[in-house]
Amino acid sequence: MLLEVKNLSVEYITSEGRGYAVENASFKIEEGQIVGLVGESSSGKSTLGWSIIRLLPSNARIRSGDILLKGRDIIKMSERTLNETIRGKEISVIVQDPQNALNPVFTIHTQINDILSLYRKKTRKTKLPLLELFRSADTERKKEAVSLLTKVGIADARRRIDEYPYCFSGGMKQRVMMVMAFVVNPSLLIADEPTTGLDVTVEAQILEHLKDLIRQYGTAVLYITHDLAVISEVADKVMVMYAGNIVEIANKSELFDSPLHPYTKALIKCLPRNATQKDELETIPGSVPNIFNLPHGCKFHPRCELAKQICKGKRPLLKRNHSSSHEVACFLV
Amino acid sequence: MNAKKGFLKRFEIFSFVLSSPLRCSGVVIVVILLFIAIFAPAIAPHDPYDINPVNRLSEISFTHPFGTDNLGRDVLSRMFYGTRTALFVGMMGVSVSLLMGLILGMIAAYCGSIIDDAILLLFDTLRSFPTIILILVIISVVGPSITNIVLALAITFMSTYGRAVRARTLSVKEEDYIKAAEALGARRLRIIRSHIIKNVVGPLIIMAGMDVGYMIALEAGLSFLGLGVPPPTASWGKMLRVGFDYMLKDPLLIIWPSIALFVAVAGFSLLAEALRNFLDPSVRRSVKGSLSAIRSQESIS
Amino acid sequence: MMFFVIRRLVWLPITLFGVMIFIFFLLNALPGDPVTAMVGPRATPEMRKAIEEKFHLNEPVLIQLVYFIKNVFQGDIGRSIWDGRPVLELIGNALPNTAMLALGSLFLAIIIGIPLGAVSAIYHNTFADFLIMGLSFLVVSIPDFVSALLLLLLFSVTLNLFPVSGLGSGILDQIHHLILPILALSLPWIGYIARVVRGTMLDVLSAPYIKMEKSFGLPLIFIWGKYALRNAISPAIATLGVMMGKLLGGAVLIEIIFTRPGLGRLVAESVATRNIPVIQGTVLVTATLFILSNLVADISYMFVDPRIRYER
């Protein structure tokens, strides 16, 4: 098992109060498995993703839980070990907005090269003088970067690699980011809404390249998105998140064929392709609760058609239902 | 400049100022300085011009809390009267400069083509000199007197205001509500008065506030060189000169005007910063100190 | 990019031209009779005539202006009234001294100001930040000649650690003489630069690409020193350009206080003695250096931030 997360809770402390963005999250990711994490905005899904490598904003704290990558405890690890062995080596991240994800004053080449040389040095376990990093690239690494860039569909990569980010379009920048993420051969890729905000046609291309790279490197993926349609294309297993809790975990086919949690069911109904002959699209009444002002008991109960008295009292925990691979957090199932 | 305060409720101003000790101190310092400047004759213990050779360079005492200078004059009284010079030069200098910049900038923006180019060339030429050099040259031509100093300072600084006014006016001029007013037949001058000035002057007031400290420092520098206000007028710069000349005999003479200059420059900087924070609600960070006092440094050297 | 540079280079002589005209007319307004100034009150009419011929003082002002400009282009900016030495020579002697001060201050501003600003931003809202910003405010609020006097008082007079005036002889001694003036000159700029850098670094450090670089496990020092700093440095470079221009132009008061024969002191003295050719020459040179410094600064941050190259 590659990644095991147990009872993870992350709290935000702001001037408006304290609130849990992630509460008691538990799940597993196997080697090479693609797990989708679905939820609306402010469901805590991004927070969950970034907390795996402990890159949270300064007003966020991991309050409890364990994160184990190949048996190593990430939470207890020192920041230095985390930086030297996990980030950019075992785990990579790609993010939503490619426009600002690349440093504007350095060429693509410099940025890829720095990551690659750091990785190479670390895996060779040689002592790393800081000055080494400031030196310019060597041709072998450059060739590798160029070939990867070509593979993801950047034409004329050998010339373009020496250009600056502003010369690239959004879709191209996203591809560059993917190259940066995969060039270090990570065991786990955290993809935080990588295609949100791209044109639909570009999105499709990016997804294809992404799937190719995943296959080539055999990387496990935590794919975070709000778009169920994308999930259905990419993921093996799906987790549904609501207001900080994981409310359902199932294999992709099981989730779409027989969803158990009312929220999941509602989400699937909302998909445009599932719309019936009527012209209206389905919506879920109400809105996602503010983390500083959460309802008692089940967080979804104010919007749930099936809500009963018990739902208002206690928080339901994830438990197995029917098969061992399908978990749901609801009293009524 | 009081028109600005007209439409603001006093209550808002008070609560804003008191909310931060930094802003508070800026206002407090400037108020105290103004008080000293205005009431100097009343509160000074001695006549600052009273030369008393017998009592030269005396120590701190009850009669002379800060001692006396090389001509036996009471230092404390000269400090108070020096406040008058500093504040007058600083505030008048900035006001005149602002006015000149405003007028020239608007003319440039409204008249366009050759006049605009000429005014811009004038501004650029003025901007090509390190400040103190320009002032030295102007003063050497017109001679040192308090009016001339104010004028020289005004000319030196007006290019910054002028360019800002010109830029703002150019953009505001094209705004729709101005065109609407013109279409309704309002005369240009009236448009300028009611609409444009309001929009243009705001950020300038803040720049101007910062420059007061800068001008005070420049005046002190000029007086130090002997090219400032003519004797017997008291000026902190002149006191510094005396202190410098008599450094070995009476070191304390340097300290008092130094503190005065620092307090004045810092006070106006904090005030300007508070003003800026007040007029721009998105900038409510508790930034210690300001971009303001900085200007006072640019090229005192 | 080239287009921008060329445009600036073309504007340079035009501005200089304006400067020359301005100075010329300004100085012509000086009271006093230049001829008497040059030859003294006991000159014979023949001597006066000779001087007038030589310096074209009889002719209309515009003609004089033309001669002036012609001379400038030939490298002759006139001679000092008092000792007849060419102005260019006087400036040539004075400039290196001023340059030493200016370069020393530049050096300090870069190696102290920039890191302090960066540290302040990185340790934002901690004690270090408040300390650095507080000190910055302090030094920026004290006019530089005042801090020169205070430093003199403390270190030279009281503690006797540094010499009071002059240039010194021999490399080590010269450096010894340079320390206090450079310190006084650079302190306010150090504070200013620290503030500027802090501001831009704060913006840069909260940018998404920094977070990405952290996610790739790049060492923090590396991110701060290379990736973040390069983005934050442009306004600081602009400021350094202005600083150099102003310092080269005349650290007048500092030079006088420390009795160093530099460009600024030359200007002040020539103004006091109505030495018109020297005033003209020095102010011209000063203004040129000022404009050039700004130009150099503008060009350098074009190298640092590639986006600028294409924005013009």
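The chains carry the letters A, B and C, assigned in the order they are written, with residues numbered from 1 in each.
Quick note on the criterion: contacts are C-beta pairs under 8 Å (C-beta built on N, C-alpha and C of every residue); 3 or more make two chains touch, one makes a residue touch a chain.
Computed from a predicted structure; not experimentally measured.
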Category of the chain touch graph - line, ring, star, complete, other: line
Highest-count interface - the chain pair sharing the most C-beta contacts: B-C
Most distant chain from chain C, judged by the mean position of its C-alpha atoms: A
Interchain centroid distance [CA atoms averaged], chain A/chain C, Å: 53
Chain centre separation (chain A, chain B; CA means) in Å: 56
Chain centre separation in whole Å, for chain C relative to chain B (CA means): 23
Chain C contact footprint on chain B (complex, rising order): 121-122, 124-125, 128-133, 136-141, 143, 213, 217, 220-221, 224-227, 240, 243-244, 247-248, 251, 254-255, 258, 261-262, 265-266, 269, 287-291, 293-294, 296-301
Chain B-touching residues of chain C, taken from the complex the two chains share: 14-16, 18-19, 22-23, 26-27, 29-31, 130, 133-134, 136-137, 140-146, 149-150, 152-153, 157-158, 185, 188-189, 191-192, 195, 242-243, 245-247, 249-254, 256-257, 264, 267-268, 271-272, 274, 279, 283, 286-287, 290-291
Residues on chain A engaged by chain C in the complex (per definition of touch): 53, 55, 83-84, 86-89, 92-93, 95, 97, 100-106, 114-115, 118, 130, 133-134, 164, 166, 177, 180, 184
Residues of chain C defined as touching chain A within the complex: 207-209, 211-222, 226-227, 230-231, 304-307, 310
